[in-house]
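By written order: A, B and C. Residues from 1 in each chain.
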Amino acid sequence: MTQAPAERSLFAAPVMAEQERMVEAILFAAADPVTVAELTDRMPHGCDVPEALAHLRRRYEGRGVHLVRVGEAWAFRTAPDLGFLMQKEAVETRKLSRAAIETLAIVAYHQPVTRAEIEEIRGVAVSRGTIDQLLELDWIRFGRRRMTPGRPVTFVVTEAFLDHFGLESARDLPGLKELRQAGLLDNRPGPGAAPDPDEDDAASGQSELFED
Amino acid sequence: MTQAPAERSLFAAPVMAEQERMVEAILFAAADPVTVAELTDRMPHGCDVPEALAHLRRRYEGRGVHLVRVGEAWAFRTAPDLGFLMQKEAVETRKLSRAAIETLAIVAYHQPVTRAEIEEIRGVAVSRGTIDQLLELDWIRFGRRRMTPGRPVTFVVTEAFLDHFGLESARDLPGLKELRQAGLLDNRPGPGAAPDPDEDDAASGQSELFED
Amino acid sequence: MAETFDDTPILTVEARLAAEALIVDVDGFEGPLDLLLMLSRTQKVDLRRISVLQLAEQYLLFVNQAKDLRIELAADYLVMAAWLAYLKSRLLLPPDPTEDGPSAEDMAAHLAFQLERLQAMREAAAQLMARDQKGRDFFARGAPETVVRLRQVRHTATLLDLMQAYARIRTRDEFRPFVMDRHHVFTMEQALDRMRGLIGYAGEWTDLASYLPPGWDGHPMRRRSATAAHFAAVLELAKRGQIELRQGETFAPIEIRRRET
């Protein structure tokens, strides 16, 4: 196979442009960086590999890929400023866990609310992770400390929360009565159930929130 | 949308030279062809990928590496005349049987084609192994079922087939036009009783093959 | 084998050439159509101008010779032979206008078409395989960079989720098995816990009533609950042999003391 401009003799080295093409192809197809020695070895006899590399390097200056030296060897690499193209962001939407959504609901309905109060209402301990997750989502934040022994911190919902749920204020959250009317509380209380003694507390907790 | 750098707004697409670099970087980094859709997806909003590809293709004309189209996708490939330099990278491909090569050609030129049609053209039953081998090479795949009695599946060639044989599309198969003009790609049923006692067997063999 | 061959009377050059095909292993042919295509080459004409009649004769001769040589031919070769014999007779006879179905010429034309098509596909296959191939003549990127997938999890919740969650919590409250106000209930378990801690210090006989927790002796409902709970707890402790208990007479105070061990 001859790659040949006309005048080339059988043993003459290919012209520099051709050598450059050869280096380009070898480096492109190689799995690892290729040393000058190996390039010389693989190219036709008499090629000036360092010069071909210098030409090639200049040709790729400012391009999307660069010819770079890796130790004693050479390789093509993505231009550093285009590294972001090699990342593919996959946004995965996931439903909030039941614990998180319940905690969030309690904060929304009872804010400002302490962790102990959340636990009392949910009836189970609230894990640190759940609180952290809601804080990280910027849906709850720390409110004022409660003026009770131990001065516990309280949690309140954020602007981002209101934004996400399309509420103008936490006051817009439907009350229990509305939830029931909306069929969300279709579970009727058991027979003989006393009116929920906490209902008043909840209301007062909520009104407390909206004083300021 | 303007690409003039001076008046570029935050959301304007990068200038064409920059888009070209980006396409170059993405395609250089990929071993398999990348579709225009995926390129568009990975590039900043508002880029004109087809135009960037056209520029890039011209840029690499005559180089050691070419930009080639493979179906709906694009890839960089070393220039075929430099293959002799790449003995190190050459992969030993399993030698295909004559039956497999002919079957592949029939699928490529007659696609979508049913197994019965392949058998009719070759005049012999197509062994399951032949089909399996071509499927395994990812050179053929199942196409749509034919809307004829028995709803036989059809075979078509894949993008990997086009990639392997350096074809832009199945329309670029060598001699396709001539064969079509000569009527040799027509599905011409034999007059009356065709000398094909295997027809029934073939059909049943087919359904058997695709039951699982 | 070849000698046996020469003994058989061969009349034409074509037939002789066809007979040579026998030297090729019959297994080497991919069926009758492949064999026919091979035989057709001996006519040295364009496939479009091939003489199907002549081809039929060549094929039949081949089959006969195979029979003479006791070469067992697969069934489809014999089916083709029968069909070609029929076609040959039809081609030789003047067309019978009363006969239905395709004419002999149509059948012959179709066979010629099949041969031409198979030949065309073979040439196409050869051209395809002669193309530059990936991994042999041209190469893909040897060191592809993998695309780093940054997974970003976005949590979603709708207002409905939120309200349902709240409704769930509140409904659960309403469903408490204790419909009585828990504020006024002192359970036996609570009393037992309390008593266990207290009896350690009680060496003397003491009135059970004095053990009632503070705040549980005012409200009658609370007092009754606490008293009942503590009495049950004391019975349990006595049963376990941890305390002794006594009552002077009916409705007299119940006294307990720690049992010496």
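Assume contacts are C-beta pairs under 8 Å (C-beta built on N, C-alpha and C of every residue); 3 or more make two chains touch, one makes a residue touch a chain.
Remember, predicted model here, so these are calculated numbers, not experimental data.
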Set of chains whose contacts include both chain C and chain B: A
Chain at maximum distance from chain A, centres defined as averaged CA atoms: B
Computed distance of Cα centres, chain C from chain B, in Å: 27
Approximate Å spacing (C-alpha centroids) for the pair chain A, chain C: 32
Rounded Å distance, chain A centre to chain B centre (Cα mean): 36
Junction residues of chain C, two or more chains touched: 139-142, 145, 147
Multi-partner residues of chain B (each touching 2 or more other chains): 28-29, 76, 78-79, 86, 89
Interfacial residue positions of chain A with respect to chain B in the complex: 1, 3, 20-26, 28-31, 42-43, 62-65, 76, 78-79, 82, 85-86, 88
Residues of chain C defined as touching chain B within the complex: 30-34, 76, 79-80, 83, 101-103, 106-107, 109-111, 113-114, 116-118, 120-125, 127-129, 131-142, 144-145, 147
Touching residues on chain B, where the partner in the complex is chain C: 28-32, 66, 75-80, 83, 86, 89-91, 93, 98-99, 101-102, 104-106, 108-109, 121-124, 163-167, 173-175, 179, 182, 184, 188, 190-195, 197-198
Chain C residues within the chain A interface of the complex: 139-143, 145-159, 161-175, 179-181, 183
